[in-house]
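Structure incoming, see below.
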Amino acid sequence: GGNSSKATTKSASDSTWTTMVGDVISTMDPSMSTDIISGQALSNTTEGLLRYSGADLQPALATSVPEATNNGLTYTYHLRKSTWSNGTAVTAKDFVYSWQRTVDPATKSQYAYLFSGIKNADAIMAGKAKASTLGVKAEGDDTLVVTLERAMPYFNTMLASPTFAPQSQAFVEKAGSKYGHSSKYILSNGPYILKDWNGTSDSWTSVKNPKYWNAKNVHIKTLQTKVVKDSATALNLYNTGKLDDASLSGQQAAQAKSNKDYSALKQSAVFYLEMNEKKDSFFKNTKIRQAISMILNRQQYISKVLNDGSIPATGVTPEGLAGDPDDTTKDFANEAAESTKQYTTYNKKEAEKLFAEGLKETGNSSISVSLLSDDTSAAKSTSQYLQSALQTLDGLKVSITTVPFKTRLTRSQNGQFDMVVSGWSADFPDPITFLDLFTSGNAYNDGKWSNAQYDKLIQESKTTYATDATKRWATLLKAQEILTSEAGVIPVYQQVASHLVNSKIKDLKFGPNGFYNYVGASIK
Amino acid sequence: MEKILEVNHLTIDFNTFASPVHAIRDVSFHLNKGETLAIVGESGSGKSVTMRTVMGLLATNAKIEAGEVKLEGKDILKKSEKELNAMRGNDVAMIFQDPMTSLDPTMTIGKQVAEPLRLHTKISQKAALKEAVRVLELVGIHDAARRLKDYPHQFSGGQRQRIVIAIAIINHPKVLIADEPTTALDVTIQAQIIHLLQEIQHKIDTAIIFITHDLGVVAGIADRVAVMYAGKIIESGDVDEVFYNPQHPYTWGLLEAMPTLETKRDRLYAIPGTPPDLLDPPKGDAFAPRNRYAMKIDTEQEPPFFQVSKTHFAATWLLAPGAPTVELPPEIVRRRKIWAQKHPSQEAAK
Amino acid sequence: MSEDTREKLVEVRDLVQTFNAGKKDEVRAIQDISFDIYRGETLGLVGESGSGKTTTGRSIIRLYDPTSGTVKFEGEDIAKLKNGSKAMHQFRRQMQMIFQDPYASLNPRMKVKDIIAEGLDIHHLVKTEKERDDRVAALLEEVGLNPDHATRYPHEFSGGQRQRIGIARALAVEPEFIIADEPISALDVSIQAQVVNLMKDIQDKNGLTYLFIAHDLSMVKYISDRIAVMHNGRLVELASSDEVYTHPLHPYTQSLLSAIPEPDPDTERRRVLVPYDASQAEGDDKARSMTEVFPGHFIYAATDEVAGYQHAAQAAHAND
Amino acid sequence: MADAKNQSATAMASLPKDAFEPAQVDKSEKERIAAPALTFTQDAMRRLRQNKAAIISFWILVVIAVLAFGSFFWSPADPNHQNLTYSYLPPKWGNLNIPGLNGWNNGVDVYKANGIKDGVYFLIGTDGFGRDMLSRLLAGTRVSLIIAIIATFFDLSIGVVYGIISGWRGGRTDIVMQRVIEIISSVPNLVVVILMLLVFKPGLTSIILAIALSGWVTMARLVRAQTLQLKDQEYVLAARTLGESSVKIALKHLVPNLSSTIIIQTMFTIPSAIFFEAFLSYIGIGIPSPQASLGTLLSDAQQNLQTQPYMLVFPAIVIVLLMLAFNLLGDGLRDAFDPRSSH
Amino acid sequence: MIKYILKRIAYLILTLFLVASITFFLMKLLPGTPFNNPKLTHDQIALLNKQYGLDKPLWVQFFQYIVGIAHGDFGQSYQYVGEPVSTLIATRVGPSLQLGAQAMVVGTILGILLGAIAAIRKNTWVDSVATIFAILGRSIPSFVFAALLQFFVAYKWGLFPVALWENGFSSSVLPTIALAMAPLANTARFMRTEMVDVLNSDYIELARSKGDAKWQAVAWHALRNSMIPIVTIIGPMAVDLMSGSMVVENIFAIPGIGEQFVKSITTNDYPVIMGLTIMYCFMLTVVILIVDILYGFIDPRIRLTGEAN
């Protein structure tokens, strides 16, 4: 149904919103997409059960945001009537098919693990069960029942992610290997339809989908996206009116802060320093880790060097990710930081003292380590700062090893490092997406920090307190406090994306899952 | 006889990084209509520089210190660049030493031969090419019409030199300067080219200045001869005068040093030493250090021209009144004998 | 013919030298030539440019390996000398070369002293530095140069001086046989005689044998005992130098001689060029070889032409 | 010639009495060499000295090299020392109020705005980490020069030897070696370098190695071509007829006469290497931080072009000076070593 | 001629084969498989390895890779899962070729002019200015130069689009200028040297003595002859353009393969690196071949024999 696009783009050229990203869309297959760029594109073209409007989780294809039943193990969604852009109806079966497809190992989805917790998902992924046994059932065309293996109080928050969007079996099978590789092989049920995208294009256009159930609330007719890698170029383009939204690099952001168009988007992403306790036993010493954390002058680093609006991290969970179930004005990260602030605050004296003690305890007179870093510009500057800051500790020598980004990931994974700065961005807006990482045995726990109490608390949050929001909150807070005070990993900063956004746009909301929601937004 | 070209007191220096090179030092000569003047002299004696001056093609670092070059009475040193362009290839034309390098390797010979015509007359390309064919046939390129589109590398050395000659004569120049046109060629081809030049001279009645260092070639082609040494003309006269009644010891040396097919002696006469460095020419007569007859005055003062006959001059103190009579080398004695036979009336000078 | 009385120093037999054999740009530089050089004589080699003179010289001194045929030096086939062998070493001493270009034949980055002494060093002819210097000084003196110039560089010398340095280098190893490849063509007229005289003096003094290559026939005649005329990679005539000049038999030689300019206006005025048509005397398919048509006088001729040449030779001599 | 007579008449009048005595000509005068004794290199150097641009370039290079390598021993500050309070300070020369050098940037007195103590100033400013840019520039120039020089050294050793062997041996050896070169040079050297950097561990050594491995081809080609010419030179033939061995001929006759080609090519290789490192830094696989090189300084500065333009200016001046100087010196050397060019 | 071209094509294939093999094995030397992502289960990894043929013995992989290349199949990108490398290249090669060609044409033509002027006015201020200009062109890294062009010419003065590949020709102007600087400088240098030689040659003197004015001698005789050696540096310059294009495409946000190459390097997308390497080689060898053939047309003295030189 792309007929209307011609008319819309022509009649309302002012109703076009042009934005930029740093890279191309990798895939438009919801099962395969993992990055933020394809995620945004998918969130424009697909409609899942729920949708974030700012921090609000709102019903989308589901008529309401249901509560869990059956001890938190069952969720039942009632679907409203809606159609795909080719006119066929979107049914509960499309969800079942989509989810099963993603979990099926044959699909090789990297995000399949997000389904872990849904009944049989782990078994399917391990190849021990058939995809059809996944705990998701269509009851008729408009009811979807999800059965979990364990209570996941944050389950609804995940559903706003494109990974949980519906897919039409008929379409997917017809498209075959080309599915999601060009506009022709994409089926939309969301607010927009992706046009002139060939799989590797450097720019793409999303035009309003007239068949979208909520089309009346889609006011911006056309979204244009350009790939611009150089930040100076982006700024020049913005200044010449070629872009309505440009992201800024550090110094640009620092200068733009007084600009009325300036907008800082807190990302649910935190960068933290991991120390390889398995390789270097001295890192098992808490005092050494604490000293390292306390020698970092995060505030100064961020305001002087990074300067892109990022904020010091007080823990691994980013600010603005999750609110206290009892008092939504209270933020998890802030609450957790209250008691652990001193461990993430610059305190040279204390750090030196702790480090000296730590050295003595481990029987080292000095240690020399290498800091693994990659060649992205943020990583480069962070590692340089870290090196310089850490070396102010007597007896600590740091060298930097720079490798390409992907190699850095591989090496982190394989434990080939002494220290490494890693980043994690939320899969869904719940602290557990971060805290889970540092349990013993988690594949992402590169530093192999291990704390029995921490493990127990995380476990309890998933079991004992799974359905008790308040208790669960407290448990997670406690866990984070342990992680921070023990300096199991050392949080450095939370990423904030500085943008210049044309002020002609109204009601453009940025969700905690990292995506803009263009539904409801309009241009003056 | 009508003088077509006159060079008077030409003096040229070259600026080089070290110090000025005094390449031409007060050179005077003239060229009559239709005659052939040969200029002989060894490498670096200033033959080419003199001819470039006549063509108005001196290098940028050259400085004309004095003198005039009159073509049909007009001083070309005073001509504008435009007038010079109109003169070159039309009134005066030049043939260069090396046929291998003096043709543009990337242009067909037809175009190259026709170029002077196109430059100096308002003739169509077609007509110019037709004329080129005619001239090429004239210089002995067979089947010229067919070869117009060929490139220089498709011709032999001798043929190329003929093409160069064709370029020079296509506009029937009044003066044709041939700067060592045969030095790079074989004797057999050299003989053909010289023969060809003579023929052409008869046909188009041009005056030729022929530059060479080979006295044998001179004997064959010249009406008059000028001998240059170290930037000066040291002897000039009719060809018979220079060959049979030479006056300058350098000319003697050259004639003696060349074995003829008849002469066979134990040793050749060799002029000792090497030509002077024009950066720093010796005081007095530049030839004095190599002159077996050198007198004291030779090392102190440059000899002026002494007139031997109406047409014959030589710059050597040996001709000065009061200079001693020297014992002539046998080869010169032999030549003087021939001179005496030819001019029984006139006693050979000294 | 009196060859039995003289010792053959160099024997060239059926020498063929083809460059880039089998390729498109194949050049048959020498096509089957044979001649001898006797000890103590000077053999002049003349011919037009590109006729294969240089190639002949270089093949004899084994700068090229011949395509076929043999070159014997003092009775030994030089092709059998192995690189690096003692015999080869010895051969490199006995035969030397003087080159055409006085500018290209001296390494611009070496002092005159080291250029001349290079052979001394290679053949270990001097033991001490002093002996080396003395030897170089003596050689410089011998070629008429100032021994003080030993520490100068080649570019400071004039062409004639450089050519004399080249001669000194060749003489340093006391060779028996010297190939002089157009040693004077690049020199000024006033200098040429210096070099020719020098070569002659040295020959008289040291009993050297020369192969003297040139295209200036007057000089060649002056210095040579016998003259070989080359054309198109072939030897066309070989005889004593007087014989070649006075009684040239081969049409090419006749043409060549008719073209030599002489510094004599009267002679020049009488000059008649004899054109040469190669297709008649070489170009057709007749099998030709060097044939002695008069004692000591060889002509490149086919069997049916021999009689004519013999007749011409006898007629010419009868007129003397 | 009309007045030749008059001339002779005037000249005659003043002739001394003994004028016609035979002259005592000094025999050595006949073989006199007028020019002073100069080696070929001296002669070339003399010609080089005529070339003002080349001489100025030479001195610029000397100054830059001395400063850069001197900074190994003395530098205004530790190039890697961070002091975040001094972050992004523009150049300031004491209290001189020259625009661009007075501590102002984008209309703000940055020193004042950041409350920097009086008397603290940085001649060419600081970067985001508060590192002294001057020290970094010196150290960076040094690294770039080291890369260039070592890479060139490898390039020379491989390229020259390869070229000489290929040219000298000729025949089949040459054909094979030329094919190899042809194949190597049809792989863009950029690709070679990048592959090298991917396989080896990134860092100074790898960059040098990578540039060296891919850079020798041009040198080899030039040397081969020159060797082909030289080997037919009569002085080489003369050495052969004297029985000189190939190795000795290469050392005594080829290398000295190749030297000008080699020097000149080096003059062009060095700036290419510097340039190449800059490029690698831009695409993110250059010298690892915190080390500075001209490339990293420039690519950092390019990102801040609009906000901290001074960060670009000084490294750019240095790289441009280096390039100009090496190129002009190279040109000068080429002319100086070419005997045909008289001035 | 035909034989010559066939022979060259054979070499080209051999070269590509060698390059492909070398790259293939080099890439295999790199540590780690691309899929050791803890988010993936063993099964998934096994399946991915199977999809990319990584489960087979090395020589089988190699064989399949070579066979694939012969059929124009360069495998699939790791980065864009499932996207064929050939599509990736095909969709992006256009802008790069356009820019490269434009830069080459502009650079060589201006370079020839600049070099010629410098040579004609040798040792005057014109020569110095031209020389310095040419060297400056080589002295400023292209990323700096491109950024300056964008900031001043496009942004401050508004003469051309700032970036992006959407205004047709005008989008290509600045990137072309940025790219053309290197070939311009190179050509100018070469041209000057050559022209100085040619202007000293006998045939120019002959032309002048025919009555050609200085400019006529230059235009009719000197230019063409001095341009002959320029042809030989076109190949190397094309290589320069490749590295230049990576930078320029990045800065001007142009969807070309240079930018793709940089990205594949920083993301270890080996199949794409390999594919692009082979493609670069291919383009370069083709350029060299064309240049060699052109050479014969430009210089009548050169006849193409079996020998390449």
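In this document, chain identifiers A, B, C, D and E correspond to the written order of the chains, with residue numbering beginning at 1 in each.
Throughout what follows, a contact is a pair of C-beta atoms (placed from the backbone, for glycine too) under 8 Å apart; a residue touches a chain by one contact, two chains touch by 3 or more.
In UniProt terms the chains read B, C = ABC transporter ATP-binding protein; E = Oligopeptide ABC transporter permease.
All figures in this text were calculated on a predicted structure; none of them were measured in a lab.
Traced through touching neighbours, the fewest hops from subunit B to subunit E number 1. Chains making contact with subunit B as well as with subunit D: C, E.
When the interfaces C-D and A-E are ranked by how many C-beta pairs touch across them, A-E comes first. Between the Cα centres of subunit A and subunit B there is a gap of 92 Å.
Subunit E has its Cα centroid 25 Å from the Cα centroid of subunit D. Chain centres here are Cα means. That of subunit B falls 32 Å from that of subunit C.
Shown for subunit C are the residues that touch two or more other chains, namely 161. In subunit B, the residues that reach two or more other chains under the touch definition are 272, 274, 290. For subunit D, residues touching at least two other chains, in rising order: 31, 35, 198, 284-285, 302, 305-306. Within the complex, the subunit E residues that touch subunit B are 201-203, 205-214, 216, 220-221, 224-225, 228, 298-301.
Contacts from subunit D toward subunit C in the complex involve residues 28, 31, 33, 35, 37-40, 43, 233-235, 237-245, 252-253, 256-257, 259, 339. By the touch rule above, subunit C contacts subunit B in their complex via residues 48-49, 158-161, 188-194, 196-197, 200, 215-219, 221-222, 245, 255-256, 258-269, 271, 273, 276. Residue ranges of subunit D in contact with subunit E, taken from their complex: 53, 179, 182-183, 185-191, 194-195, 198-199, 218, 271, 275, 278-279, 282-285, 295, 298-299, 301-302, 305-306, 312, 316, 319-320, 322-324, 327-328, 331, 334. Listing the residues of subunit E that touch subunit A in their complex gives 31-32, 34, 36-44, 47-48, 51, 79-83, 87-88, 91-92, 147, 150-151, 154-155, 158, 161-166, 250-255, 259-260, 263, 265-268.
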